[in-house]
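Below, subunit A partners subunit B and then partners subunit C, in two separate complexes.
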Partner chain A sequence: MSLENEIPKEIIQPIKRWNYLLFIFIFFQIIGWYLALYHIGADTDQGNVYRIIFVHVPVAWCAFFWVFLSAFFAILTLLNPQKSEIFDRSSHTAIELGTLFSVLMLITGSVWGKPTWGVWWDWDPRLTSSLVMFLICCGYLVLRHFTPDIRTRRNIAAIVSILSAVNVPIVYYSVNLWRSVHQPQTFVEKAKNVSSDISIVLLFNFAAMFLLSIAIYKIRRQSISAKETLEYVRGEQ
Partner chain B sequence: MNESYGNVGWQIFVYASYFIVGVSLLSYVIMAIFSRKKSLKNMYEEGFFQEKNSKNSSAGEKSL
Partner chain C sequence: MELGFYGYLILEVTNKNTFERLGENLRKYPSFFTYFIFINKISCRSIWMRKASWFGTLLFAGCLLILFPFGLGTEALQRNDVRIGSLWIINEFIAALIIGRMFSPEQESFALDYILSSRMPRAALLVGKISFTALQILSLQIPVTFFWIILYNVQTEILIELLKTIVPISLIFNLGTASLGALVSCLTARSLAKEILQPMLFFPLQSGVLLAAVSLSMQIGDNVLLGAFSSTAWWTVLSAYPILFTAMGFLLSNVLLQE
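Moving on, here comes the complex of A and B:
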């Protein structure tokens, strides 16, 4: 007998819905990457290596968004103790995604740095502040794992989540605040740096990556919720 | 354009970036799906859904 038939509809329906949506959003992302790799022309300055922008920038924006969203849920966790269980799960899931996208941002940025700057890493303000954001997110996950008391864990995790979000504007504006080898923000300098066809493909890739990240968030949120509910029923929490 | 960086072409940098992102996201989502499936299976085996159906238990959230 299939497990699906035994699980109540109110639980199985959202699971199925997000599984289907995940495949649709993966398809959008494949189209976006096809456009980025094979459709659009090379850049006059950087040649073909600039194509990393179509994965690096969407990943960075997703990292900023999920870290911010985690802090938003963290604030709700602290303000609304009755629903803190639900907001805490959302905050935890969002920061996990923020951590994943942060490390991908650092890796893709490093891979782009080698052919353009000649080095894999530089202690530049943008890179260093991005690394700090990633380390704070890792700190959140470690603290959460090693704090057994549920109420303490929620409160400490919420505070660390808010701290990690404070770092997001520092990362974003670091190229303006300090001397940096990193290029300025892509769309602030739009008129000078980015042609309209690059902008369209970049925005399409961002939309695809963002939708994909929402599907991944929902699936991971369901996973965390199922795990914590089980622990609650077993009396492990 | 046939630009090269040292002994390697641009392809190694560009395709590696896309590959790393694709594989990481895919691994993460597969891990989430398996974890969710395992928890649901354990919940079923421990009678959580039967209890939920009969008592309309308030433990946990109504939907995941």
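Moving on, here comes the complex of A and C:
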């Protein structure tokens, strides 16, 4: 790498300081997966296949959380124009994570669907609405890329982010609203869909996955901030 | 004779001077509604001046009407299964084409900048455009539905019942599509790849209203795809679209429409 293209320490240092979260995640995830594979018994109907729930559900919750958080920052971007730069960066990073976890949710869902439903994909309300959410998140990222004016980019990206969050409750409640082949929500008041053992391990796995998402968020947020600052200094914005 | 409050109100309303005064005040201090009507009027005039684009869209819809049976099966049995879906997908394409050119007449004649720099509330411009676009989609849906009835051999026994269902669904579908389309048009107006981004955002967001329209229309006739029918949920989805997206457009009009 030539000297002028080398990234300065002032930029790399704040990005690297979040690496410790990745190590904590690995530690927690190994325990989480050990509990999921060896501590919990097999399901009477699905056998061992159902164990993918310990990846699929945490990933789905993370997707919902980050898409919602992106919309929260997007609202702040629109309400507070003085600090819109900061909120926009946070909203952008959060929706990138939402997109990443949405695609993971779709892949793990498909992997679970093949042995249980016999197909990789079914046009079921939960699956379709999840796909729509993913497509809107992709639309957000493409729209940002193709909008050169920074002020316009912030405003329109904020609106698309809010639109994508509108879809989250639809995805979550779709199994109740329409007849669906997908199983009902994992945690519902009054209806006990999972045993307490499974619930604890599931929450533990979610905590680990959430830790990973926070680590990625922090690292990506710093790099977006650094990239935009560099662009500003170079006069590209 | 004692006239009472309503008596005086009737006298006041029927008085010619009252209307003259009202008209004068509206001219002096135009209300939101006056601007709304004005936007509809100029949109109507611009469409009249560009009749060829309306006929072009109709011809395109006609081509789709012919193409669908080729792609999905020309046999009578298969045609019966796909006819409702075909109608709504053709409507979807009509809507997409119209929404792609929603602000084009004003942009091409440089009128949009004048409108945006005037004192007209931007919400009035957006709501006016939504209502006009909904009407424009309807103006194309009417001849398309007529050709659809002929080309897809819709039986006369179910025709009245089908139309009774399709008409209210179409009206709400158009409003929902137009309100979402206005939002997406404004969002993509300043981007470099407008022609890619507009359908990319429009179709996924619009899928809910399309699904609702198809599912609600399917209850008519002996359709084999009737399986997952839940009327209340679909009506909720269908009605939520125009309310949600018009409200969003109304609230965010100043951000969406910038000079």
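Convention: the second predicted complex is superposed on the first by the 216 of 237 C-alpha atoms of A that agree within 3 Å, B and C clash if a C-alpha of one lies under 4 Å from a C-alpha of the other, contacts with A are read in each partner's own complex, and residues count from 1 in each chain.
We adopt the following convention: a residue touches a chain if its C-beta (ideal position, glycine included) is under 8 Å from a C-beta of that chain, and two chains touch if they have at least 3 such contacts.
Keep in mind the model is a prediction, meaning the values are calculated, not measured.
Of the two partner chains placed by the overlay, only subunit B lies in contact with A:G47; subunit C stays clear of it. Once the two complexes are laid over each other on the shared chain, residue contacts for A:V111 go to subunit B alone; subunit C is not touched. Shared-chain residue A:V59: touches subunit B; no touch with subunit C.
Once chain A of one complex is fitted onto chain A of the other, the partner contacts of A:I86 are limited to subunit B, with no touch recorded for subunit C. Comparing subunit B with subunit C, the partner in contact with more residues of subunit A is B. Of the two partner chains placed by superposition, only subunit B is touched by A:R234; subunit C is not. Chain contact summary for the complex, subunit A toward subunit C: residues 78, 128, 132, 135-136, 138-139, 142-143, 146-149, 152, 155-156, 159-160, 162-163, 166, 170, 177-179. Within the complex formed with subunit A, the subunit C residues making contact are 183, 187-188, 190-193, 196-197, 200-201, 204-205, 207-208, 211, 227-228, 230, 233, 236, 244, 248, 252, 255-256, 258.
Partner subunit A is touched in their complex by these residues of subunit B: 1, 3, 5, 10-11, 13-14, 16-18, 20-21, 24-25, 28-29, 32-33, 35-36, 39-44, 46, 48-49, 52-53, 59-64. By the touch criterion given at the top, residues 3, 6-8, 10-11, 13-15, 19, 22, 33, 37, 42, 47-49, 51-52, 55-56, 59, 86, 100, 103-104, 107-108, 111-112, 114-115, 212, 215-216, 219-223, 225-230, 232-234 of subunit A touch subunit B in their complex.
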